[in-house]
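Chain IDs A, B, C, D and E follow the sequence of writing; residue 1 opens each chain.
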Amino acid sequence: MTISEHKDAVVPAAVITADGVTGSLDLVFDRFVPPIAGAIFLIAWEVFVRWRGIPPYVLPAPSVIFQSLWTNAGGLMRALGNTALVTLSAFVLATISGIVLGILIALFRTVEKIIWPYAVALQVTPIIAIAPLVIIWVGLSKVWLALLILSWLVAFFPMLSATVVGIKSVDRGLQNVFTLYRATRWQRLLRLQLPAALPFILSGARVSSGLSVIGAVVAEFVAGSGTSTGLAWTIIQSSTMLDVPRMFAALFLLAGFGVVLWHAMSRLSSTLLGHWHESELKDEA
Amino acid sequence: LDKIRFGLGWLPEAEHCGFFQAKATGLYEAAGLDVDLMAGGPGINTAMLVAGGEQDLGMGSSFTTLNMVKQGIPGVTVAAFFQKDPQTLVAHAGQGVSKLEDVKGRPVMVADFARGEFWQFLKYRFDFTDDQLRPYTYSSAVFVSDKTAIQQGYVTADAHYLGNQLDQPPVIMLLADHGYLNYATTVFGMNSYIEAHPDAVRAFLSATAEGWKSCMTGDYTPAMKLATSINTDPAYGEGLWKASINEMRDRHIVSNESGEGVGAMTDTRWADFFADMVKAGVYPADLEFRKAYTLSYLPGLK
Amino acid sequence: MRLEERRQNSAVIVARLEGLTKRYPNGTLAIDRMDLTVGKGEFVSLLGPSGCGKSTALYILAGLANATAGRVELAGDGRQVVGAGSIGFVFQEPSLMPWATVSENVALPLTLRGSAADLASEVIRCLTMVGLETFANAYPRELSGGMKMRVSIARALITRPQLLLLDEPFGALDEITRARLHDDLLHIWSETGCTIVMVTHSTTESVYLSNRVVVMAARPGRLIGSVDVSEPYPRTKAFRLGPGFSDHVRQVSALMDHASSGELI
Amino acid sequence: MTISEHKDAVVPAAVITADGVTGSLDLVFDRFVPPIAGAIFLIAWEVFVRWRGIPPYVLPAPSVIFQSLWTNAGGLMRALGNTALVTLSAFVLATISGIVLGILIALFRTVEKIIWPYAVALQVTPIIAIAPLVIIWVGLSKVWLALLILSWLVAFFPMLSATVVGIKSVDRGLQNVFTLYRATRWQRLLRLQLPAALPFILSGARVSSGLSVIGAVVAEFVAGSGTSTGLAWTIIQSSTMLDVPRMFAALFLLAGFGVVLWHAMSRLSSTLLGHWHESELKDEA
Amino acid sequence: MRLEERRQNSAVIVARLEGLTKRYPNGTLAIDRMDLTVGKGEFVSLLGPSGCGKSTALYILAGLANATAGRVELAGDGRQVVGAGSIGFVFQEPSLMPWATVSENVALPLTLRGSAADLASEVIRCLTMVGLETFANAYPRELSGGMKMRVSIARALITRPQLLLLDEPFGALDEITRARLHDDLLHIWSETGCTIVMVTHSTTESVYLSNRVVVMAARPGRLIGSVDVSEPYPRTKAFRLGPGFSDHVRQVSALMDHASSGELI
């Protein structure tokens, strides 16, 4: 009798705690590897810059950047605060408008045929081009509104697109259940289409959150006047002044903010989808 | 008090000294004006804001109102506070470039906006060609990192920024010294506004001229204090102000060597500049360029 | 309700298909000129080879699919039209909302109706009936195949529908569970006087439960015969063991043989 | 006997051709309603501008824009050609890199943990900030490469994000089938994960195509056009020259180009998914 | 292959579960210390109430899920380890690739193996076996429930596996189709000498097909007994009608009753 162990399936009797062990290993991994990788990345950067003698106005070493971050901390944090405010407002606005318009497009064929081209046209309109006009339209005294509109413009399309695809992907079997029980349009939307579209919408939101950061920065760049002091100004000014370390410090802050926002969206996603959607399920084998 | 909303071309900086001085030392108030100095920025198109009625008067250059005339927008320039346009080309020392003629055939980093303005002048006057064009990114990093590079600059700031980064001071070629007749830091407005408020406009220009005189010959710190309280960026601080004011004084930017009054413009200079631009192909010869300015509000006149 | 009464009732027509034809967009002729009349209070079983159009027929009866040609009528009993919210449907696949718990899934038809008065107790009643009361808070992905199907059955029963359409509801269940649900179903049927149309693959199940067995043939789907099971309700174990039962089963099997001839190699 | 007709289900005997009729009605609708809506939109715009006497430098009327489009057709088309070239190259690059990186992230947990933050950081980095650096890196003589890199940067994230979510959403049942039959990693990727992720990827591509249009314009704006002049240059020129009608003409062209690109992606989507995915299936009831 | 031979063979162990325990992450104890040995060439049926862990057991046998505790061994016959590509599995749900045609779905296991020599003819052979040769180019969404299941069966058979795991393969099929597939399955089994473990809910099916019926109880899933069906193959209609058959069926039913007692109200 030849008993050869089936590699994938053999589980020694002592592995009752296997799940626990793997779990905590994963946890350790999650907690330590990314920071270590980050550290390696920064060190490599530092070494590279020093070894090649690259001047700070071409590529500053991380040490120089962090020093600049430290020296300019106050101003940078204030600037970040301003940018964050615009970003978050634009993101919220983009999310709401994207979902609402997406619903209309997905549900009403007429709206779809008529609105889509304009939505696409809006998406490809460079805000750099229309910034001066937007400022005239909203009035110079309401620059914040112009900023909001411009950064919204950058962020809203992924939400729209994701909502539409999500709603259109609803399982036909479930649609039949709702039709059978005479769900009103509203009920169908709230209880079927939106939950089913959620994985798509949240994926769109992750893209959108990043775009609203860029949107806010670019909007501030093209429409901001001297009184608004967000990160865009810091970056542009540092750049013209050749204070490249400060520019990188601002970029680091911006990237950090973007990553935090993205993490928040990922968290939201695993909270909302964790108990049911494949994309967020832990492997259970 | 008459309210005037004045659009600056950029963030508050030393090139706006006269306006801030007038405001800070109460010259405007004394003239019966309540002037709001509105900061600009890269996306702020002052000409559009003035044309759209969001601002009463704005800061521009000769091009501003010539473009308006070309587009059928009734705007006029009423005064010019920079007799010399501070626009420069900057090269590294020791590269065999000392004057604009030497730049011919070499790559030059020029911003997109300039390609409708001084680039055409350079092409016509010094036989530059479009294949010399390289992109200008509003950052000197590219320039500093490449010894052969030549880029556009601003005389009030070049030496200050670049001086710290370069071993040798850069070669600065002021276009105005090479026959570039553009008026800079002009004041323009819409016909309708100016005709409706002639006294306010005159008062504004006179007070501003006083401000400029005091900047160029006296103590500019009131202006600097006011400006830096609005534009708090440390990069726009005292160091830059000092350097810029010195450049403006040394190079006679505000009132040139021929001793014309502060804010002055002449018919001849407008005509010559326009003729140059026609030859450069920027404007058609039949453009009614005289609609682009008026001499009847100049600060010297009473 | 006595059979007499049922007989009388069945003069009232709940559903009538006349020359029903269904062609799918890809050209498949799923059903070809099918006639079927279902009287009120009837329990009709629909049998036929795999792919003969049984599910399609139920979809059309429920108004979830359009006929390509022919008439479809769903009639009321004079007081209320069978239709609006009054149809229960156990689909061939469980079709549960993956983001909702078992009890939320079962409660859905009532939630949609907005009548949430005794929602909780109704959900428990139906879950208990299918033996899943302890899984009320589980999510569908945590259930076995048969358990999902039972949730789907509970969902169909919660509205106490007048017309119940069942598409192989017990196919994935073991015989004991199945037998209990059979009895529950018959109980509900006799209590509420509802009408049932059930697709099944089990001849014995069809004879045991229904008062009429209708057999379809495939390609194209069409009706080829029906067997009246005029045995009294409630049906007991005695009926299952008696000669009448196997007679009927044999008749249905014969029809099925006929329906399948030449279908599979 | 009361036979009352069940409204949704009743199909009169004469409706055999119903599908055909509805189909052609839809076709008529598709063909005529959007242009009509477009015409109404333009007319309303024209009327509004004339009635309020809005000067062309604040908001030009469509007639003025089209006239400018006509007069400047040659230059505008050349500019569009240049921009389109950058756009398409960036889009192709973004698609390939987004999918490849997305695959790596979705398949390797280590890569995911380490790479994601940098990808997000890249996404939120305003290209205006790094344009000078990119130009230094690639050299002044390769401006087109800088443009390509910058516009790629704008376009690639939605592809990446969509690919990751798509691959993670693969049905567990099918995964088991592939595991059972010992599919190699490569087979699993090509035959399971990519096809299953396709609906997500194509939805990402639609967003990405629009972003690469903006990316090209913004890149040109911040990195300058060098000797080749795209639409960004036209727009900036027109804006400084106060030739707002020409600016709008350029924007119209840009929007038109964006819409065409988007339509091409939609077409591709319905070609690739039309026979199986819910989002592209015609209603079959 | 004679039964004698099979008996001999069954001394060779193909799969052995020892104290198999499976707890899902949500805490459900799906299987509790289950022992099962499957000899080479056996045809084992697995019965049990809905949700007792039958599918879970098959997943673990196939190496698709890990046991929480206990030993799982899959043995070879000395020449080739049963495992790599040599297991066929009909899942409880069809799990077809929606973007691929029926024949592409059926061909998948061979395509993955890279041995595409007689691919086309093999696909046709398997499709013909399940009666779907005319649907080779259809997409899964164009099929009925039973047809999808048949595609899944065809896919499992195409590799001529040494170990065949079937999870309610015939539940969604009518009795005629089912009977034909029964015979086909028995034919394949005796031809290839493969080992079969089949989950089913039909006692008659289990007795008719297998040489051993194993019954599980639920909550937690565990083995409560097995019935050896030591009747000779090939089994004929005579066997079905003979007393031995109903005896065995009764034994299995009794075990099922036992397994289900206290499970459902």
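Everything below uses one rule, namely that a contact is a pair of C-beta atoms (placed from the backbone, for glycine too) under 8 Å apart; a residue touches a chain by one contact, two chains touch by 3 or more.
What you see is a predicted model, and the numbers here were worked out from it, not measured in a lab.
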Listed by label, which chains are in contact with chain A and with chain E? C, D
Which chain pair shows the largest tally of C-beta contacts? A-D
Most widely separated chain from chain C, with each centre as the mean of CA atoms: B
The C-alpha superposition of chain C onto chain E, two copies of one sequence, needs a rotation in degrees (nearest 5) of 180
In whole angstrom, how far does the Cα centroid of chain C sit from the Cα centroid of chain E? 28
Measure off the straight-line distance from the CA centroid of chain A to the CA centroid of chain D, and report it in whole Å. 18
How many Å are there between the centre of chain C and the centre of chain D, using C-alpha atoms for each centre? 47
For chain B paired with chain D, centre-to-centre distance based on mean C-alpha positions, whole Å: 41
Residue numbers in chain C touching 2 or more other chains? 24, 62-64, 93
Residues of chain D touching at least two other chains: 58, 132-133, 136, 171, 221, 232, 239, 244, 277
Multi-partner residues in chain B (2 or more other chains touched) are 45, 48, 52, 137-139, 141, 145
Complex contacts: residues of chain D adjacent to chain A: 29-30, 33-34, 37-38, 41, 58-59, 109-110, 113-114, 117-118, 120-121, 123-126, 128-130, 132-133, 136, 154, 157-158, 161-162, 165, 168-172, 199-200, 203-204, 206-207, 210-211, 213-214, 217-218, 221, 232, 235, 239, 244, 247, 250-251, 254-259, 262, 277-280
Touching residues on chain C, where the partner in the complex is chain E: 24, 26, 28, 47-51, 54-55, 92-93, 128, 131, 138, 142-147, 150, 167-168, 171-178, 180, 201-203, 253, 256-257, 259-260, 263-265
Complex contacts: residues of chain D adjacent to chain B: 55-58, 131-133, 135-136, 140-141, 143, 146, 221-227, 232-233, 236-237, 239-244
Contact footprint of chain E on chain D as seen in their complex: 171, 173-174, 176-184, 187, 191-192, 195-196, 198, 273, 275-277, 281
Going by the contact rule at the top, pick out the chain E residues touching chain D in the complex. 59, 62-64, 84-85, 87, 89, 91, 93, 95, 97-100, 108-109, 111-113, 139-141, 155, 159
